[in-house]
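Chain lettering (A, B and C) follows the sequence in which the chains are written, and residue indices restart at 1 in each chain.
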Amino acid sequence: MRLTLRVWRQRNAADEGAMSTYQVDGISPDMSFLEMLDTLNERLILEGEDPIAFDHDCREGICGACSLVINGDAHGPERTTTCQLHMRSFRDGDVIDVEPWRAAAFPVVKDLVVDRSAFDRIIQAGGYITAPTGAAPEAHATPVPKPDADRAFEHAECIGCGACVAACPNGAAMLFTSAKVNHLNVLPQGAPERGTRVLDMVERMDAEGFGGCTLAGECATVCPKGIPLSSITDMNREWLRATAKGARR
Amino acid sequence: MSYIRYTTGEPVADTKAPSGPVHERWDRRRFEAKLVNPANRRKHTVIVVGTGLAGGSAGATLAEQGYRVVQFCFQDSPRRAHSVAAQGGINAAKNYRNDGDSIHRLFYDTVKGGDFRARESNVHRLAQISVEIIDQCVAQGVPFAREYGGLLDNRSFGGVQVSRTFYARGQTGQQLLLGAYQALSRQVAAGNIELHPRTEMLDLIVVDGRARGIVARDLVTGRIDTYFADAVVLATGGYGNVFHLSTNAMNSNATAVWRAHRRGAHFANPCFTQIHPTCIPRTGDHQSKLTLMSESLRNDGRIWVPKARGDDRSPNEIPEEERDYYLERVYPSFGNLVPRDIASRAAKNVCDEGRGVGPGGQGVYLDFADAIRRMGRRKVEEKYGNLFEMYERITAENPYEVPMRIYPAVHYTMGGLWVDYDLQTTVPGLFAIGEANFSDHGANRLGASALMQGLADGYFVLPATLNDYLARNPREEDVTAGHPAVREAVAATRERLERLLAVDGDRTPDSFHRELGELMWEFCGMARDEAGLLEALERIPRIREEFWRRIKVPGTGEEFNQSLEKANRIVDYLELAELMCLDALHRTESCGGHFREESRTPEGEAARKDDEFSYAAAWEFTGTGTAPVLHKEDLVFEYVHPTQRSYA
Amino acid sequence: MWDSTVGKKAVMAASGLIMLLYLVAHMIGNLKVFFGPGEFNAYGHWIRTVGEPFMHYGWTLWIIRVVLVAAVVAHATAAYQLSRRDIRARPAKYVHKKRGSDYATRTMRWGGVILGLFIVWHILDLTTGHVHTGGFQEGRPYQNVVDSFSTWYGNVIYIVAMLALGLHIRHGFWSAAQTLGAGGRARDRFLKAAANLLALLLTAGFVAVPVGVMTGVVS
C-alpha cells in the first residue's frame, strides 16, 4: 500500500506545531498502525530527520499508552486502541491525518505525545479503597453477587488512555472518572468511602480543567473498552446522593 | 574462534534463610528481623524503581509503613507498567475447590515446575503468602470472577492438576495492577510517595559499598538528575526484549538491572528464559512485538498439526484421523495442559519436522471446535470472548470458525539479579523484586505464578525484610551530589548518551535490536547447542563493535528523544545477551526453559544433570567483553526430591 | 452544588424540567384557542384568579412567573458558565474535522440562545404588548394571538423558535434524566422515546396555533 500521512509535528510544549506531510510506501495490510509509523520513523532517522514521537508500550491494547487521533477519530476508525488498529482498515492511496489528543488538561509534550497526568491526580483524589497491606479479611468473608462483580469489572476495564477526553467536544473526563467511581462504588468493599470518593474525584476532575458533560456520547463511542455512557449517569446519581447526604471528609 | 570465557570464584550462599522446618522459616525470619521504630521510619528514604505489580505494591506498602518513598517509572503513568498485560490469572493455595490443594502442593508444583532449580525456602514462602495476596486484592476492590453464590471462581492452568487460579476474565494482570496502582495513588496523595513518571533509571549509585541512590533521566526534558536514599529497590521487570520480538511491552528493558549488575550485583541464571507456547505467529519483517494468547485457552482448546508433512489443506478440511493431537498423544495425563517449556518445545519439534501450519510453517493449531460442540458457543464466548476478539483483530481470522494458529514466543525471564532470602542483591542496600530477581521460578515458571510472585515480593516479603536492613544499618551521612561516586556515575551516564548522539552513523537503533534479537532467537532460544552458542558468542561482540561505529541517533539529549532512549537500552542488551549465551553454554544440562540439544533423555525430553548443575549460577561483572566470574549457589532439596519431570 | 460541573448540570436539569412542566401546561392552555374567544379569554382570566379566595387576584400567576424567571436565569447562567468552561477545555481544534461529533452540544447552545431571544420577544409581544402589531388589548388574549399570527414574521419567529424548542427538549429531557441519575441502560430506550414524544407533542401543539390562524381555523 502507498499512503499519504499528514502528521502533527510539534518540537515541544512551547512550540506552535503544524501538520507535516509524508509519503509512505510498501505498507502491508497486516501491519499495525504503529508498525506503519515505525517504518516511517526508520526512514526519517536515516534521512537525518527527527522521527515522529508517539506514546506506545504494550501494543496489545491494554496499557493505554497509545493515543492517536486518526482522521478525526480517537484511536481511528475501528473501536479499539491505536496499537490494535491494522492497515487493512485503510485503502491504498488513502490520505491519513494523525493528530494528538486535544484537550486543555492534556498539553502536548512532543508531536503526538500528550501529558495525561491529570488522570493520575483524579485517581489520587479518591479512586481507591483504603485497605492497607495486611489489613484484609479473608477473601470469602464478603460474598459479592455475580451481577455486581460483573458490573464492577465492566467499569474496571478502563485503560486510562484518554480517548474519551480526546473525542469529547468539551474535553470532559466524565467517562474516565465515572468508570473508576462505579467500579469501586458498586462493590461492598468500596461502600464506606462511596460518598467522599465521588465528591473528591469530581472536584479534582473539575480542578484539572476538564470540561463539563453535555452527554454528546462521543466518549462512549470511541472507548476501546466499551465503557457505556450510562456510567456517567450512574456517577451523577452517586454524586447527587453523596451531596444530599452531606458526605465530606 | 574467539569468545568470552569465564572464571569460577567463591560459591555464593544465601545467608538469610533460617534453617528448621520449611513451613516455619518465614515466621522465624520475620521474628528475627529487626524492626525500625515507626517514629523513625519517616527519616528513611527508599527508592523504588518500577511501578508494576512488584514495585507498585512495594511502594504503597512501604509508604503505608511510614517510610518516605521516591518512586520512578519510565511510562507516563504508573498504571501502564507491563504487569497490566498479564492475562490468565494468579495462583493461590486457597483450596476453595476442595480438590486436594494446599500450601505444600503449590510449593511442590512450583519447585517441580521449575525443574528443581529454585530455592525451597523461597518457594515455600511464596506458597504461604499466596493466600494472603487474594485477601488483600479482594479488599482493594479487584473484581475477580465470581460464581453465582457470590464466591470467587477458579480455573486450572498449565502444569498442575488442581484449580487454584483466580482470574478477572482475560485481564487479571490489569486488575491486580490497578489495585496496586490505586494503593500507590493513595500514598502519593497522602504525601508519602514522591512519584516520578517518565523518568528512567540509568545508573545505580554505590557509596562505600552500599546502594545509596540512582541516576535518572527525565524523559521529557532530558535532564539527568540524581536521587539519594537509604536503600534502592529494583522492580524493573525482565529482560525478554533482548530477543527484540517478545511478548514484553516495547519499552520494557534491562537497563536498570544491567547497570546494577555492572555496579556489583550478581546476575543469576540469565539463560533461563521462558518461551510461551501460545502466541500469535508473526506476519512479516515489520513485526514489532508478539502478542500472547492466554495459556488458559489450553484448558479447552486442543492443539494439533496435520499428520502429514506439508499438508496445506485448510484446517477444516483435514479429517480427524489425519490430525495429530501431539500433546495429548505424548503426555496423556496432562495433555494440552503440560507446562509451558514442554508445550513450546513440542510445537517447535513438529514445526521442525515440517508439519507446522500457516505462513512459513511456523505455527500449530489451537482448536476450539470440540469445546464449542461441548459447551456451546455462548459459554466459550463468555470464557474467552475477549481473547478471541483480540485474535481476530490481529489476524483477521475468526477463531470460532477456523482454528487459531499459535507459535511460541519469548515471554518471561526466570533469571535476574541474584538475591538472598531477603531479596537483597550482592550490593548491600540494593533489593530486587518481581521478575527482576531470579529467586522463585527456577528454570521454568508455571502459569499464573508471575503475578503471585510480584505481589508476594511487593506487598509482603520486601516490606518485612527491608525493615531489617534499615534497622541494622543506621542512617549514615546524607550522600550529596559532590561525592566522588556520584560524580563518577553522572559523568558515565552523560558520556554514554553523548557518545550515542555523536556517532552519527548509518544504522538505526532498531536495526541493531532486530539483528541481535534474531541471533538470540536462533542460537539461544527454544533449543541451544554448543556450536550455536559459540557462534553467538563470537558474533555479539562484533555487533557491539559495529553498533558503536554505525549507530545513528537523531536529535539531542536535552529533549524528548525516543531514539536515544531505545539506543541506550540496546547498549545494555548487547552486553546482557553475551552473558545469556555464556550461561547457556556453561550449563551443559537441559532444564526447564533451557534446553541443550546435547542433553536429552532417550525419549527426547530434557535431561537434567543434577550432580553437576544443581546450583544457581550467579555471575559477577568484570568489564564489557571480559571474562565474568561464576559464583555457584548450591541448591539443597530437603522436601521435594529431584526426579525426572514427567507429565506423561 | 454550584461549584461543581456535575452540580451545575443538575441545576440546569432541574430548572429545565420546571420549564418543561410549565410548557406542557402552556401548550394545553394554548389549544383552547381552537374553541373560540370565549373559552380562551376565560382561561386567560382563570389563571389570574386561580387560588382565590386564598390568593389575591394575579398572585398565583406572579408566583409562577417568579419561579419561571428563577428557572430561566439559573438555566441560562449555568449554561453560559458551563459552555465557557467547555470551550476553554478544548482550546485547540482538530485539523481533521469530523462532522456531527458535537451536534447535540451545538444544537443545545444555539437552540438555547434562540429560545432565550424568543422568550423576550414573546413576552413583549403577548404579555406587555410592546412589540405587538395591531393594537395590544389587555385582557383580550384571543384577539392578540390572532393579530400576532397575522404577520408573516410573527409566524416565522414563532415556528422557528418552536422547532428549536423541539430539538432542545429532545436532547434536553433525556440529558436531564442522565444528569439527575435517573437514566440507565434499562431505561434508556424508554427515556429516549419519551423525549422524542414530548418534543413532538409540544412542538406540534404550539405550532398548531399559528397554523390555525394562518389557515383561518382561528380568526
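In this text, a contact is a pair of C-beta atoms (placed from the backbone, for glycine too) under 8 Å apart; a residue touches a chain by one contact, two chains touch by 3 or more.
Computed from a predicted model, the values in this text were never measured in an experiment.
Put simply, the chain closest to the centre of the protein, by Cα centroids, is A. C-beta contact counts were set side by side for A-B and A-C; A-B has more.
With respect to chain A, maximal separation of chain centres occurs for C (centres as means of Cα atoms). With centres set at the average Cα position, the gap from chain B to chain C is 64 Å. Chain centres here are Cα averages; for chain A and chain B they lie 27 Å apart. Our note on geometry: chain A versus chain C, Cα centroid distance of 37 Å, whole angstroms. Contact residues of chain C toward chain A in the complex are 1, 3-10, 82, 85-98, 101-105, 108, 171, 174-175, 177-185, 188.
By the touch criterion given at the top, residues 6, 8, 19, 69, 71-73, 97, 99, 102-105, 167-172, 202-203, 205-206, 209-218, 228-230, 232-241, 243 of chain A touch chain C in their complex. Contact residues of chain A toward chain B in the complex are 11-12, 28, 30-32, 34-36, 38-39, 42, 44-46, 48-51, 53, 55-65, 78, 80, 84, 86, 88, 109-110, 113, 115-117, 119-120, 123-125, 127-140, 142-146, 149-150, 152-153, 156-157, 159-160, 183-184, 187, 189-190. Here chain B touches chain A in the complex through residues 57, 60-61, 64, 75-80, 82, 84-85, 94, 96, 132, 134-141, 143-152, 168-169, 171, 173-175, 178, 181-183, 185-186, 188-189, 195, 197, 220, 247, 249-251, 283-284, 286-289, 291-292, 390, 393-394, 396, 459-460, 463, 506, 508-511, 552-555, 559-560, 562-563, going by the rule given at the top.
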